[in-house]
Amino acid sequence: MADTALRVSAASSADKRSGLQKLMQRKSTIAFLMTLPLIVLIFTLVAYPAGYALYLAMLNKAMTKFVWFKNFDFLFSRDTFWMVVWQSCLFAISAVVFKAFIGFVVAHLVNNIPGKKQRKWRGMLLVPWVIPAAMSTLSWLWLFDSSYSAFNWLLEPLGIGPIPWLGETGWARFCVILVNVWIGAPFFMIMYLAALKSVPEQLHEAAEIDGASWWQRIWYINLPMMRNIIAITALFSTILTFANFDIVRVLTRGDPLNTTHLFATWAFRLGIESGDIPLGAAVSLFMVPILAVGATIILRDINKRGSEV
Amino acid sequence: MTARKVTRRFVAKTAAASSALVAAPFVRGAFAAGKLSIGFWDHWVPGANKAVEAASKAWAEKEKVDLSIDFITSQGNKLIITAAAESQAKSGHDILAFGSWDPARYSDQLVPVDDIMAPLIKANGEASAITQYLGKIGGKWLGVPGTPGAQFKGPCSRIDLLKEHAGIDIQALYPAGGPPKADSWTLDAFLKAAGACHKAGVPFAIGLGTTADSVDTCGAIFQSFGAAVVNAKGEITVKSDKVKQALEYWKQLVAFLPPDAPSYDDATNNRAFVAGKTALIMNPPSAWAVARRDQPKIAEQTWHHGMAAGPAGRYGPFTTPFWGIWNFSKNQPAAKSLLTALSQAPAIEEMVKASAGYDIPAFANLTTMKVWAEEGPPKGTLYHYPNPFNHQILSIAAAPAPHKIAVQIYRHGLETQMVVRYAIRGEPMDRVLGWAASELEGYMRT
Amino acid sequence: MADATITTSPGAPTRPRYGSMSRDRRWALRWSYFFLTLFAIFFLTPPIYMFVTSLKSSAEISAEINPWWVFDPTLSNYIGLLTDNVFLTFFLNSALISVCVVTITMMISVVAAFALARMKFWGSATLATGVFLTYLIPETLLFIPLFKMFAWVNDTFGIQLMNHWWTMIILYPTLTVPFCTWIMIGYFASIPKELDEAALIDGATWFQTLTKIFIPVALPGLIAATIFAFTVSWAQFLYPLAFTTSTKELVLPVGIITTLIKGDVFNWGQIMAGALLGAAPPLIIYAFLMDYYIAGLTAGATKG
């Protein structure tokens, strides 16, 4: 992403203008100073505590002895842990796929709407993303409640239900994913809409003249043009969804039978609730390398495509 | 009426003892103008914080201590997080309200309070066995049983619905003002009633989730069968006939529970009760207190009473908070003085009153106050709530296992999970027990 | 990268007028409205239900009647909240934190993004990518080490960081700065190089180039980043939950959840009213600045 821009700018400015040379020599120092606040912030409040967490994850339960990777050893021998791994993947992947799909569709629909009306629709559809998630999840909890479920009230006359929304594994997983999609889809919508606006209109017109169908235009013009942003948004969202805490915590707390636990909520149960902080840290840490590999691949791909152009 | 007389006598006696107490061990002025901060549990019953706040402020005024008070909710595990945070950061409040299992968990960071517990026990009577199990670690009291929030989670029933559908006159079994005549109130009767109410569309709203209410109920029924998954020595005893018996009982009971029982949290049962959709929940009087405000007709038909007896005895689920003093507190004498002041019988009675009878003092002489006889409507609904006749054994799920294992059994809801696996998922008994044993081996980790 | 150059190239023809639209397009429009309505129902059901519930008394909420309708509307939940000092304290804390966090975020990320987008130096490419990777480390992992660090700060400098709302001003930027930096890198990269080169030749310093040329030109990007930072810091839940306990130190989402929910006694009417009031500031901001947001994201996004 950024480095391409840098290379281009550096190359073009370096070769011709000799007057700039002196400035260039001091440039890297200034640049470093300018990024220093960022580096300090990330180092002290993210990198260092993350390192500390790694150290914590290698202590014994009483936090008195350094045991290297024994905690991970222990985790890998637990069925529940692998269940949580599987559930986190299921949760994150399906939520992100649906968010991306809904965001993509809605962005196109909104983009079809002319001028002023578009703003209204956009505003309305963005509401879920704006309400603080912890609170909107509470309203979902209330909608799913077993005694007062407003959904079941609607379904009752149709002869359906009452559905135990959060009581059965299948439904509970569905609900947790649904709420995540609900909160996150508007963000995808707005990012994709932003990307759509940058797709030049004349490309579409040319395609239309050539007789390309609506579907073909989306597939051959919009998708490739939006590729980078789809990847970046999906990556960003996957990372946040994997680490999600609030939704499961408020809706199900991992019930029934731990079948809705994610890394974060499971780590919380082990570390904070049951008093095994090193083990909790180990669970939280486990997802970092998986995501890091995925993220590096995606970011690389984006950078490579960037430099090809 | 007898209860009232008894109460007065106790109050008078304890009040006299307490005034002597306050004067004795602590010399006023020794810690004057010091600072003290305390984190209380934020009470669920509206207005219940006032009594403990007033008592603390009166103490601060008298001792000239700069006291700051926080009320911290246990909702969203805020209190658990706060305790973990302060324990790790080694700073925070001087005194904090700890959950039932926390004295054991933070045993190396809490100041022993035997010196103040001894006179309190002398004045207020012996602390209940369950309180001792939870608060007295390695022979030392690590916290003073905190009255606000100490609760008995026995049945909270609808008089009319039990009578109509199950033919049980619960007020006759547990008459207001008199000892219970509840020999017929056994787990079999409980099961039959659950079946009848289920058929009538008002099933017992008992959860099988992993939060406290569900876990407590499940634990009490396990104990009624003498079923322990881990014994006091820390040996895994899950593969026993008693555990199997308990699971078989649960299998029958689960058939009569709401389908979403596995996802119940501590509020779901209350809502079912206030909505009038259930004949019985296992809960302290908070559901009734809400009904009294929002659905008075339901409140009028509410009766709190004892747990049904099983083959191994009559066990009632009980949880209690503790007020503990962190060892990093810089004003420990003042903290001890405040805790003494808060544990005097008159102060405790004020707290119980403010909580509309919700709180149950841990001390033997303080379970017959007149609050419980008088609260209503219906009058006497709380009479049997504090277990005044020691009719049942108060206990907590996973007791008497060693604390560090027990807390995991409790927080993971191991027993409720076993029930869900066996009774709802239909997994074979051996597999359920095998799974539980493997989980328990994990809990043994040090 | 091609798309960005086209975006900035002048004279791209605008969309043909609505009236000249083919039949095809008219149908597309109808279908768009139809599906959008469906999506709007999905997106707006919870907020509407929140609003409906916030107008009910506790008695009506607990009664077994049509939950989607208000039979006896009351504003008591709103009045109760707005006249409650505690709620106003939460609001004020949230507002102060958000304003400070947005300011700090923008100062850090704009300057850093400028350096990363325009001034190549050793490790700059890695840093630009690495910034984004900070999101890989979840808050749930960080808060216990942070407790330990705060204990150390307290021991060494005597500064107590636990249980103060302003501690959030230090913590939140870790959540906002990376994304904002990334948006700004993208936006700065879309600004023609001739602009800053000309300025530098004219003797402007790098800093002047940033403040006089880049910031005015990149205003949409700045606004987009600002809005993002605001939304994130307004809604943050875990850090304030872990680091603050006293009522006067809480922020809005945590405050509502911890003071209005009393264990098993949920105050649904007030919770919903509180949630809607809490959502109001960001909603208003989005309503006014949405166009900039989209414009700002466009460049940042496509350049990313």
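Letters A, B and C name the chains as they come in the text, with residue numbers starting at 1 for each one.
Keep this in mind: a residue touches a chain if its C-beta (ideal position, glycine included) is under 8 Å from a C-beta of that chain, and two chains touch if they have at least 3 such contacts.
Everything numeric here is computed off the predicted structure, so don't read it as measured data.
**Student:** Based on the averaged CA atom positions, which chain is farthest from chain C?
**Tutor:** So the chain farthest away from chain C turns out to be B.
**Student:** Among the chain pairs here, which one is joined by the most contacts?
**Tutor:** A-C
**Student:** How many Å are there between the centre of chain A and the centre of chain C, using C-alpha atoms for each centre?
**Tutor:** 15
**Student:** Let me have the rounded angstrom distance from the C-alpha centre of chain B over to the C-alpha centre of chain C, please.
**Tutor:** 42
**Student:** Got the chain C residues that touch at least 2 other chains?
**Tutor:** 61-62, 144, 148, 257
**Student:** Can you list the chain B residues in contact with two or more other chains?
**Tutor:** Within chain B, the residues that touch at least two other chains are 76, 81, 84, 88, 271, 274-275, 277.
**Student:** In chain A, which residues are in touch with two or more of the other chains?
**Tutor:** Residue numbers touching two or more other chains: 148, 268, 271, 277.
**Student:** Can you list the chain C residues touching chain A in their complex?
**Tutor:** 1-4, 6-7, 12-16, 18, 24, 28-29, 32-33, 35-36, 39-40, 42-47, 49-50, 53, 61-62, 66-68, 107-109, 111-112, 114-122, 124-125, 127-129, 131-142, 144-146, 148-149, 170-171, 173-174, 177-179, 181-182, 185-186, 188-189, 193, 197, 200-201, 206, 231, 234-235, 237-238, 252-254, 256-257, 268, 271-272, 274-276, 278-279, 282-283, 286-287, 290-291, 293-295, 297-299, 301-304
**Student:** Which positions of chain B touch chain C when the two form their complex?
**Tutor:** My answer: residues 39, 42-46, 68, 70-76, 78, 81-82, 84-86, 88-92, 213, 266-267, 269-271, 274-277, 283, 286-287, 289-291, 293-295.
**Student:** Per the contact definition, I'd like the list of chain A residues that touch chain B in the complex.
**Tutor:** Result: residues 60-62, 74, 78-80, 145-148, 162, 164-168, 172, 249-250, 252-258, 268-269, 271-277, 279 of chain A touch chain B.
**Student:** What part of chain A is in contact with chain C in the complex they form?
**Tutor:** Listed in rising order, the residues are 1-10, 12-13, 17, 19-20, 23, 27-32, 34-35, 37-39, 41-42, 45-50, 52-53, 56, 102, 105-106, 109-110, 112-114, 119, 121-136, 138-140, 142-143, 148, 150, 153-154, 182, 185-186, 190-191, 193-195, 197-202, 205, 214, 225, 228-229, 232-233, 236, 239-240, 242-243, 245-246, 263-264, 267-268, 271, 277, 280-281, 284-285, 287-288, 291-292, 295-296, 299, 302-303, 305-306, 309.
**Student:** Provide the residue numbers of chain B that touch chain A in the complex, in ascending order.
**Tutor:** Going through chain B, the ones touching chain A are 76-77, 80-81, 84, 88, 105, 208-211, 258-265, 268, 271-272, 274-275, 277, 404, 407-408, 411-412, 417, 420-421, 425, 435, 438-439, 442, 445-446.
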